[in-house]
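Structures are listed in the sections that come next.
Paired with subunit B in one complex and with subunit C in the other, subunit A is shared by the two complexes that follow.
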Partner chain A sequence: MRKARKGETHVFRLFVAGNESNSLQARENLARLCEEHIKGRYTIDTIDVLKDASSAYKNHVLVTPTLILVKPIPAVTVFGNLNDTRQILAALRLKCPR
Partner chain B sequence: MSRYRELAVKLKAAEDLMHALRTQQVDAVVGARGPMLLRLKQAEEDLRNSRNQLRALAANLLSVRDDERLAIARELHDECGQALTSLQLGLSWVFRKLPRGQRPLQERISSLSATTTNLIRSIKNVAGQLRTGALDELGLIESLKSQAREFEGDTGTPCRFKTNVAGDTFDRSASVAVFRIVQAALTNVARHAQASRALVAVTMRKNDLSVMVVDNGKGITRKAMLSHESIGITGMRERTLALGGTFTLGRSRGKGTVLTVRIPLSRVTGGTASAQVKSEP
Partner chain C sequence: MITAKRRPPRADATRGQKKEQQIQKVSTGISGLDLVLGGGVPAGRVTIISGGAGSGKTLTGLQCLLRGAEVGQAGILVMFEERAAAVRQDAWSRGLDLTRLERKNKLYLMEARLDPAGIVSGEFSIAGLLAVLDQRIKAMNAKLVVVDAVDALLHLYDNPMRERRELYALHEWLLDRRLTTIMTFKATPGEDVPGRYAFLDFMADCVIHVDQRVTAQITTRRLRVIKYRGSGYGRNEYPFIINEDGINLIPITSNVLQHRAPGPRVSSGAAWLDDVLGGGYKRGTSILIAGTAGAGKTTMACVFAQAACLRGERVLYLNFEESAESMASNMLSPGLALQPLVKAGTLGIRSYLPEAMGVEEHLFYSLRDLDELEPEHVVVDAISACKRMGSDQAAFEYLMRVLNVCKERGITCIYINQTAGLDVAAEISGIGVSSLVDTIVLLRHLLNGRSMERQLTVIKARGSKHSEQFHTFSITDRGLDRVKS
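Let's turn to the complex of A and B:
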């Protein structure tokens, strides 16, 4: 699996449901992880499915929170509140699991 | 991407999704008609309420059962017991009035009289079992002690009774519950454990009353522990939970089964800590 090249921008799409607790946690966790590991090299597009459900259909999102790593490819989809930092870093290829 | 790889990725995604759902990390499900917020916390609350209602119902059922048992015991003792006693007296009277030389008749009446005596004894035993022994007269601790002795007498298995409680005035409903729990536990030991030793320990601790029934038998199986058909275990658990206590049943480290029930002191003493702890020598 391809690792991100140095300096490459990570593009995330995060699907949330308003200010529900898991959605809030996912937003905070993602922002924190990005700041800690790829500071200045990321963009996060947050989509609230309560306001924009059609984007969720288009992206085949079934539940919220759902995070899609759009770039670098291959795309990765992660479900839940992103509390498990180690697993999330590994899934997003930001750090190898120990 | 090969077909196999594609399937593996889909499977992993499905597993991740299941994990997120199972660990309640999902707020909304996006369906054909739009997003639907999953009020998981509300559902949890509803479930907890239903459980509490069910528990209260079970406690009520147990209390009704205890009352019915008491009524049946009274009926057995007063009605059947009295009728059988007068039958026995009648048989003795007939026996005495029989002319000499009526040996077959005398033997028949003697045998009927012996059967009646056994029946009276059985009814007394059954009534005693139904009536929670002498709980009202003796109190919980003495009744449990007597139950341990009875167990020993009935099964031939030595049963020790250990306590640090002296002079109890426990709440009646809590006493009935603890008595029934120990009764059911000892019945299980007699029926299933194949034990050569048993122990009943009642310990007054800082915040709760701990009741333990331990045996050195073959040990309860996991299947029996979880089975819904184990009415005895379910009854013990429900009685404990109705008193706000905790119920644990498991195999002991060596061999055998350990049952531990812990009930908050406030529920056992009805709010007043009236049971005394024996002072250590």
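Let's turn to the complex of A and C:
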């Protein structure tokens, strides 16, 4: 069992392909969700696969956008532009009790 | 009614060569497949190989990559399902060292498996894959890409429209880079390609289907080229085998008989028999020795084989009925010492169990034996046993193709056929090969008083003045002796 500590940092890795529309949407969607739910407790590491193909390969990223929740474990991988807010919140375990 | 001039049907790969000059081809590393494709897959274009599980798709792609690496062209294998380690191990078990080529930077195994636990939310593209692939291609100066199990990628989309769009985008991307590409695609046996994926066949420039099916408990793999833009190709279904060397395909490519003319006379091994035959057999022709069990067919063939070997000629004896050891030991009784000839290397006895494999595999091994020994004469004992390769049709195919190869190479070919009843004449033909052979010798038993008498007659001998009588003979410890009546 993972201990839920206060002030825990969420670490995201978001792989995008330049300024392609799905990638832009994913960036916006992720930033908005984080601001709304875990403001001040997260970091987003954005990687452009067109510039850094090696990290894409290292992380087994084939499709863009790909979001990896690195911390807290267990890691979660989500493919797509993150348009479905409800689904993403559940998948990333961001719905904290009020 | 529209009366259009009918073009003659394109026979096989040799036709359409004018067109082939316009289109560059890349060898697949499988010589038989190259023959069918008139040289190989189209350079800088996309070829699709579809087929069921275990039908040889990936191996075909891998052999093409290895062939490219051998001639200095780097290639990449993109795997959507398999792990690189597993592919390396499979190749190793076939005697192929992929690691060596990887170290030389001529081959790259790229794992492209998606996290199966990944969640799909909204639209995405395969830009990540393409970016990684692009980097590799540039780093290696790769010319060849094999995309294995492209269906696994398509399943990700869950939407026919997007599947199609992404694959067309991938297709364009590959064409832009002038990459010679082979995509493999899993198709359920029975239905070629599901309707949803039929667009793949329209998209690609060359489409090959492979499958394996079971008839009479024997599995045969088959390959068919569905289309090839801008090139002629062999239009038949071609059986092939997968063995330790990889894929082997032996197409019947020549549509003309290129048989050599019969050569000079060669002794049958018994002077009296030579007289009966009108001077012996003719070199490079085919002879059928038919008769009942125990009539002396094998002895007659061995008498010939021994005489030939003692003259210094090589003989290949393909035995489908008994082992080499048992045959050599049995032939000691009529005074034939085969073992020393085997040791000397002039006589090669190869024993195969007919039902152990299908026609293609038998053919492959027979042709390999022919290439290894380079004999002047071949004996097949017996064509009646060849039926156990699957069916009469299978046996006929095997015998006909062995005969064709022998005739093209000027090899004398002796077929032995065991007939069931005593009325031999009614069933000499043996699976319809009688019309293909040049000489037919018939052996039979006949009741004479209280004993059985061996008799021999020549039914047919193309280009020879042969005796038309029945001749009585016996098997002694000096071989075949004529019995004067």
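Going forward, the second predicted complex is superposed on the first by the 90 of 98 C-alpha atoms of A that agree within 3 Å, B and C clash if a C-alpha of one lies under 4 Å from a C-alpha of the other, contacts with A are read in each partner's own complex, and residues count from 1 in each chain.
One rule holds for everything that comes next: a residue touches a chain if its C-beta (ideal position, glycine included) is under 8 Å from a C-beta of that chain, and two chains touch if they have at least 3 such contacts.
All values reported here derive from a predicted model rather than from experimental measurement.
Visitor: Consider subunit A as the common anchor and indicate whether subunit B and subunit C clash or fit when overlaid.
Guide: Clash.
Visitor: So in the superposed three-chain picture, is A:Ala31 touching just subunit B, just subunit C, both, or none of them (first/second/both/neither)?
Guide: In the superposition, A:Ala31 contacts neither subunit B nor subunit C.
Visitor: Quick check for you: in the superposed arrangement, does A:Ile44 touch first (subunit B), second (subunit C), both or neither?
Guide: neither
Visitor: Between subunit B and subunit C, which one contacts more residues of subunit A in the superposed model?
Guide: Touched residues of subunit A are more numerous for C.
Visitor: Output check: A:Ile88 vs subunit B and subunit C. Expected answer is one of first, second, both, neither. What do you get?
Guide: It touches subunit C, and subunit B stays clear.
Visitor: With the two structures laid over each other on chain A, which partner does A:Val11 touch: subunit B (first), subunit C (second), both, or neither?
Guide: Neither: A:Val11 stays clear of subunit B and subunit C.
Visitor: One more residue to check, A:Val70. First (subunit B), second (subunit C), both or neither?
Guide: neither
Visitor: Pick the subunit C stretch that clashes with subunit B in the superposition, from 23-31, 59-67 or 113-121.
Guide: The listed stretch with clashing C-alpha atoms is 113-121.
Visitor: Quick check on my understanding: which residues of subunit A belong to both its subunit B contact set and its subunit C contact set?
Guide: Residues 15, 17-18, 20, 22-23, 49-50, 53, 56-57, 61-65, 77-81, 83, which sit in both footprints.
Visitor: Under the touch definition given earlier, write down the residues of subunit A that touch subunit C in their complex.
Guide: Residues 15, 17-18, 20, 22-23, 25-26, 49-50, 53-54, 56-57, 60-66, 76-84, 87-88, 91 of subunit A touch subunit C in their complex.
Visitor: Which subunit A residues qualify as touching subunit B in the complex?
Guide: On the subunit A side, the touching residues are 15-18, 20-23, 49-50, 53, 56-57, 61-65, 77-81, 83.
Visitor: Once bound in the complex, which stretches of subunit B touch subunit A?
Guide: Those in contact with subunit A are residues 13, 16-17, 19-21, 23-30, 34-35, 37.
Visitor: Inside the complex, what are the residues of subunit C that reach subunit A?
Guide: Within the complex, subunit C touches subunit A at residues 110-115, 117-129, 131-132, 134-135, 156.
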